[in-house]
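Dropping a structure here in C-alpha cells format, bear with me for questions.
In order of appearance the chains are A, B, C and D, and numbering begins at 1 in each one.
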Amino acid sequence: MAGNTFGTLFKLTTFGESHGKAIGGILEGCPAGLPLDMEAIQGDLDRRRPGQSAIVTQRKEPDTVVFYSGIFEGKTTGTPIGFAIYNTNQKSKDYSHIKDSYRPSHADYVYDQKYGFRDYRGGGRSSARETASRVVAGAIAKQFLGEVTFTAFVSQVGELKLNTPYQELDFSNIETNPVRCPDPEMASAMEAYIKKIKKEGDTIGGVITGVIQNVPVGLGEPVFDKLHAALGKAMLSINAVKGFEYGSGFNGVQLKGSEHNDAFNTDGTTKTNNSGGVQGGISNGMDVYFNVAFKPVATVLQGYETIDKDGNMVQTKGKGRHDPCVVPRAVPIVEAMAALVLADFALLARGNKM
Amino acid sequence: MAGNTFGTLFKLTTFGESHGKAIGGILEGCPAGLPLDMEAIQGDLDRRRPGQSAIVTQRKEPDTVVFYSGIFEGKTTGTPIGFAIYNTNQKSKDYSHIKDSYRPSHADYVYDQKYGFRDYRGGGRSSARETASRVVAGAIAKQFLGEVTFTAFVSQVGELKLNTPYQELDFSNIETNPVRCPDPEMASAMEAYIKKIKKEGDTIGGVITGVIQNVPVGLGEPVFDKLHAALGKAMLSINAVKGFEYGSGFNGVQLKGSEHNDAFNTDGTTKTNNSGGVQGGISNGMDVYFNVAFKPVATVLQGYETIDKDGNMVQTKGKGRHDPCVVPRAVPIVEAMAALVLADFALLARGNKM
Amino acid sequence: MAGNTFGTLFKLTTFGESHGKAIGGILEGCPAGLPLDMEAIQGDLDRRRPGQSAIVTQRKEPDTVVFYSGIFEGKTTGTPIGFAIYNTNQKSKDYSHIKDSYRPSHADYVYDQKYGFRDYRGGGRSSARETASRVVAGAIAKQFLGEVTFTAFVSQVGELKLNTPYQELDFSNIETNPVRCPDPEMASAMEAYIKKIKKEGDTIGGVITGVIQNVPVGLGEPVFDKLHAALGKAMLSINAVKGFEYGSGFNGVQLKGSEHNDAFNTDGTTKTNNSGGVQGGISNGMDVYFNVAFKPVATVLQGYETIDKDGNMVQTKGKGRHDPCVVPRAVPIVEAMAALVLADFALLARGNKM
Amino acid sequence: MAGNTFGTLFKLTTFGESHGKAIGGILEGCPAGLPLDMEAIQGDLDRRRPGQSAIVTQRKEPDTVVFYSGIFEGKTTGTPIGFAIYNTNQKSKDYSHIKDSYRPSHADYVYDQKYGFRDYRGGGRSSARETASRVVAGAIAKQFLGEVTFTAFVSQVGELKLNTPYQELDFSNIETNPVRCPDPEMASAMEAYIKKIKKEGDTIGGVITGVIQNVPVGLGEPVFDKLHAALGKAMLSINAVKGFEYGSGFNGVQLKGSEHNDAFNTDGTTKTNNSGGVQGGISNGMDVYFNVAFKPVATVLQGYETIDKDGNMVQTKGKGRHDPCVVPRAVPIVEAMAALVLADFALLARGNKM
C-alpha cells in the first residue's frame, strides 16, 4: 500500500488499523525550536474523539496521544516526531457479520480484491480512526504556522444549509454546540435532525466549510501542486468526502469574467474574493475558504441484503456504534489537513528566492 | 518552484513558459514494449490547440510535439520519454500593459511577490499553455491503459446545464461540435451563448464531466492517495478549476445512507453507483465519473482599473486573443490528467500482493 | 530534518532518539500476503543488540520489537507496518560532560549548529541505536525476497585483514564467534586484538564484506538509482561508515579493460565477476559483493581536550559503555540495508515491461 | 525505468539516449533571481566533451546546450529550467556487432533481460553521454552555491598514484594538462601511459579525488541522507564507478579512535580532518574530500568471444572511438554531481530552524 505519506517537507506518515494495537504516525520536517502546546494537541484530538456528544458514535476511546521522539525540553528538536494512539476499545466483538460478507459502499470488497484478504475488524485501515493521527500532526502544523488561523464548521446537514457568508458568522459559536455550526438556530435544527436520523437507524451527509486566515502571500507551487489542488486532495483524502470547491466554486461557473474578477486595492488586497485567496495556485493574502462535501456514513442500522465472499446473496444488518452524521467530528480533521497543506507550502516557500 | 512533477511511478515532469523557446516534459516509468500510436497523441494535442474553431482563442499555434528519447522502432523502451513543443507564435508583441501592472484574478501579482520578478510574456509559467505537455503524456497513458476509456465533455456553460445522466448520452456526438457537448441541442445553445459572450468582450465559466470506463478493480491507494483524491488534485491543478466532485458529489450530502448505499449484485458490481466507482479510495470496477468546475477566464477585453507594481491605480484594457470560455479546449486536458492518475495507480497496483 | 525515509516503494521511515521513550518506524509497501517469521526478525535484532558478547558495549537493552499494525493472522496485510522498540535503559545518568561540550568526531557540534540545540542524552538521533529500526525492516525485506540470501561478515579489524576470497570461506562459521568473521583463526586474532584495544580504553575500525546471492537479473534503475549506487548510499548511511566499494572496487582501477571484463558463458552468467553482479547499474544474476569501511568509534575512554558551547577549551574524558569496535554488531545492519535496497528494486522491477 | 531524478528540492530529471535526437533535462527548484553565467555552463560541458585531446575519444560532438525555459533576462525565474543537447554525431553506423550480441561488462545483456529489448545504438540510455545533462545542472548548482568551490582531479591512473595530500597540490595546474592531474610530472607520466594503453587497443581505470571547500556548517540530513551518503550515491551513479570513500576512507579502518578523532580548535574548526568535513552526516565547515574509483572502460578494441541473443558463442571485436581511460573527462562530472548534492542540502537546510 502506497500513499501513507502526506507532504513533501512537512511530512506525515501514518500507520494503523482500527483494531490493531495502536495507530500513529511520524511527522518529519517540523523545524527545530518550536515550543509545543501539548494541551492544544490533545484538545484537537478530543474534538475528534468518539463519545463526545449525543449525536456522535458512543464508542468510548480516550484517544490519548503518546509522543516517542522529536521533542526535548518542550520544544521540537527537528528530528522526526513519532507518536501513537493506543486502541483501547478492542472488545472481542463478534465480527462475523463483516468477516465473510461485504457491506455496501464500504471498502470491504475492494480491499479483498486488491490485497487478497483484509483485517476486517472494525474496518481495518479503511476505518476513519486513522484520521486521529492526522489531527495530531495538524495540531503541530497549526502551532508551526503561528498567526495563520484555521477555522472549520458545519454549514450543511442533509438539506439544512447555512447560506450566511462566513464573514457574517460568529466563529466563537462553533464549539458551543455539538454540531459545530456557528449559527445557533441552524445548529439546533441540525442537531434535532441528526437525532431523528439516528433514531431511524439511518445516516445523513453534510458539508464542512473551511476558512484559513492571515495567510502569507506566496504559498503554493503553481503547476501540479497549486495551493487549492493540494488542499483539495487533502480534503478528498478524508473518509466519506465526495467533493471540494474553493472560492466561488461550482457557483462561479455561472459568472462572467467581468463579474468574477477580483479588482485590486492599492495595497494588493482585492475588493472581492471570488478567487478564494488563491491566484494561479498561489496564496494572495486574502482568506482561503472552501467547502467539503461528505456523503452519509455507509453503516446503517437497518437490515439489508448483500453478498458474501462467494458471491451469494445474504441478509444482514448493521451493528455497532456509528456516527449518524460524520461532519461534526470531521471539523477538526478538515482543520488539520488544511494546516498540514499550509505548513508544507510554508517550508517550500523558503526556497523561492536566492 | 516545486510541484512540476505528477505521479509516483508513471511520472510526468514539465517545463516551459508561454513565450520561451519551448514547453515540454519528461515522462518516466512507462513500461517498455508499448507500441505508440503517434497520430493519437497529436490528435489529442489538436483537440487542445488554439485556433481550432470560432469559439476559442484565434492564436495560431500548431502545437506539434517532438519526441527526443524513450521510443525506439515505434515502441517505448522503458527509458524516459523526453519531448518538446516549440513556441512558434512568439511575436515581438507589446506586453507593456502587463509588464508593470497586475491583471485582476491573474497570477501576475502573486508571482512577483513569490519570486521577486516574473517572465510576464503571455503569462509565463502560469499560462495554460503548459497543459499541452500534460496532453502529450496523458495520450501515452491512455495507450498504456489499453481498454480503460476516458471520456470528457462539456456539461455546463454559464447557466446552461445538461441534466441528462451520462449513461443516456451519445458520446460519439462530443467531437461533432466545437463546444464538445454530447447533446446536439444543448451544444448549439452553448455555442450561441459563447459567441454572444465573446462579442461582449467577456468570458464565462463551465463544467466538464469526466467518465472513466472499464476500470479494473483495485486501483487507488487508500489513505492519502485515494483514487478520487488523486483525481481531484489532478483536476484542480488544471488552470481555472474551482471545484471537483465525483459520484453523488455535493448532491449526495442530502441523501440518507439507506438511499445512498450501492447494493451489490452477486458478481461484485453494484445496482446503483453513487460511489462513483470508488469505495474507500479504491476502484470497484464501476464507472468513475466526476464534475470539474471552471471559472470564467480572467482576461476580459474590456477596460478596467488595476494596480501597477508601485501600488498606483492604473486604467488598462485586456488585449490579445483569448478564449471566451475555456471548457471546450479543456476537455482533452481533463482526459489526460485522468489517464495519468490511472496509469500511475495501475503501476502501483503491481505491488499489491506477493 | 529530512531524510528519515529509505526506499521508493518498499519504504522505511524511522523515528527516535537514544534516550527518548522509544525508537521505531513505519514500513510501507510490503505486499500483502507475506507470512512473517517473527523469530527471525527478533533474531536479527538480537545479533545487533548491545551486551551480546565480551567485545561489544555492555549496555543492557533487550531491544524487543512491538508491532502495531500491518500484520493480521500472521501475514502482512499490505498496510503500513508500524513498530517500536522501547528504550528501557534510560538511567538518570549524568550527561553533563556532553551537554555543554562537544565530543571530537561526534555529531554534537554540528547538531547544535544546524538545529540551535539538541537532545544530548546518549547522542540523541545521531546514536547508532536508530539502526535497530533498520534491522527490523531489513528482516522483513529478507523474508519478502525469499530465495535471495544476504550474508555479511567482518573481513578486517584494524590491520588484521582477511584476504581469502569470499567463495572460499565457510559462511556457517560467521555466527560461531563474537567477531562474526568466517575464518576461525582470523576470528580469534581479531577478538584478541579488540580486547586489547578495549583494555586501552581505545577503539579500532574495520571492514564488513557483504555478499548477496541468488539475485534475479534486472534489479536496479540504471541512471541515478543504479543498484550499486543505492547500495552504496545504504551502507554510507550507517553510522561510522567511511567508504564503499563493490566488485573489483578500488583495486579494479589498476586493471586493464581486457583483464577486467567478465566474459560470458552461454547461459548469460559470466566466467569472472569483477562487475560484482552489476552491469550498468542493473543486476546480472551473479553474486553482488561489496566492502564497507567503518572508522573507529569516536568515544574513547581516555582523557582529552575539547571545546564547550562557548568555545572554551575544556578537559574531559569519555564515559559509559561503548563498543571498542563497531563491526561485529554492524553485520546485521549491513544485511538489513542491503535487503531494503533489493526489496525496493524488486518492487520497482514489476513495472519494467508491459 | 525509475531513477531519472536526482535531488529533493534542487532536482534534476534527465532524458535521452546516445543516438536519439537529443539528451537533456529539467532542473527544478533553483531559486529565482540567480544571474546565470552561460559561458561557465558551456565551459564545464566543454571539459566533458569528446574530442578535446589526444587521450580521449575522438568522436566529434560539440555538446552545445540549448535552454528552453526558466531563465528570463539572464536570471533564473524559479520555474523549471528545461534544456537539451542535440545528438549531432548520429551517423548511420553499422551497429550490427552490438545489436544481436552482448558486449562483456556492458549493460547490453541486462537491458535486454530487464526491458525485453533495447535501443542498442551507441549504448542507448546506458551511454555515459547522459552525464552531459548532469554537467549542465551541476554548473548551475555551482553558481547557486556561490562561494563553495568544487575541485576534482585525477589522482590515479592504473598503478600511477599521486600520494601528495591535496593541500599540497596546486589546483591551478589541473586544467593545464589533458589528464587533469595537478602534479605536472605525474600528469606527464599518466598521459604517456594512457597513450600506450590506447595503442594497445586497451583501457585502464583510475581515481578522481574531489575537494569541496568553503562549505557552510550544517548541510546534510543525518539519518538516511547523510551528506557523505548522498555524495557517495551521486558518485556511484556515474558510469564506471566502483568505489567511494571520504575523509580517512578505507585507510581509516586501521586507525585507533584516539588517532582518528579530530580535535577541536576553539572556533569549532578541527586540527585534523579525518572526518572529511562531515560529522554524523552533517558538514562541519572543514573541507569535504573524497575519492572515486573508476574501472577501465569495457570497450576494448581487441577481438573477443561473447554470446549473442540466442546464447551462441560469437567472435567479435570492439569498434568505434572510445576513451582509453575515462577519468580525464569524468572530472567535471564528479564536480557537477557534488554540486548537485550540496545545492539540494543547502535548500533543505533552510528548513532547519523556526
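Here is the rule we go by: a contact is a pair of C-beta atoms (placed from the backbone, for glycine too) under 8 Å apart; a residue touches a chain by one contact, two chains touch by 3 or more.
Here the structure is a predicted model, which is why all the values come from computation and not from measurement.
Q: Give me the C-alpha superposition rotation for subunit B onto subunit D, in degrees, nearest 5.
A: That pair's rotation angle lands at 180 degrees.
Q: Starting from the mean Cα coordinates of subunit B and subunit D, work out the distance between those two points in Å.
A: Roughly 39 Å, centre to centre.
Q: With centres defined as the mean C-alpha position, give me the subunit A-subunit D separation in Å.
A: 46
Q: Provide the C-alpha centroid distance between subunit C and subunit D, rounded to the nearest whole angstrom.
A: 26
Q: At least two other chains touched by the same residue of subunit C: list those residues.
A: Answer for subunit C, listing residues that touch two or more other chains: 1-2, 4-5, 8-9, 14, 29, 32-33, 78, 114-116, 125, 348, 351-353.
Q: Pick one for the touching-chains graph, please: line, ring, star, complete, other.
A: Chain contacts: complete, every pair touches.
Q: Which residues, counting only subunit B, touch subunit A once they are in their complex?
A: The contact residues of subunit B facing subunit A are 1-6, 8, 14, 102, 104-107, 109-111, 113-116, 125-126, 130, 156, 158-159, 197, 200, 202-207, 217-218, 221-226, 228-230, 232-234, 236-237, 239, 242-250, 252-268, 270, 274-276, 279-284, 291, 293-300, 302, 304-307, 311-313, 348-349, 351-353.
Q: Please name which positions on subunit B make contact with subunit C in the complex.
A: 8-9, 29, 31-34, 78, 144, 347-348, 350-354
Q: Quick one: in the complex, what on subunit D touches subunit B?
A: 1-2, 4-5, 9, 13-17, 20-26, 28-29, 32-33, 66-70, 72, 75, 77-82, 84, 114-119, 124-125
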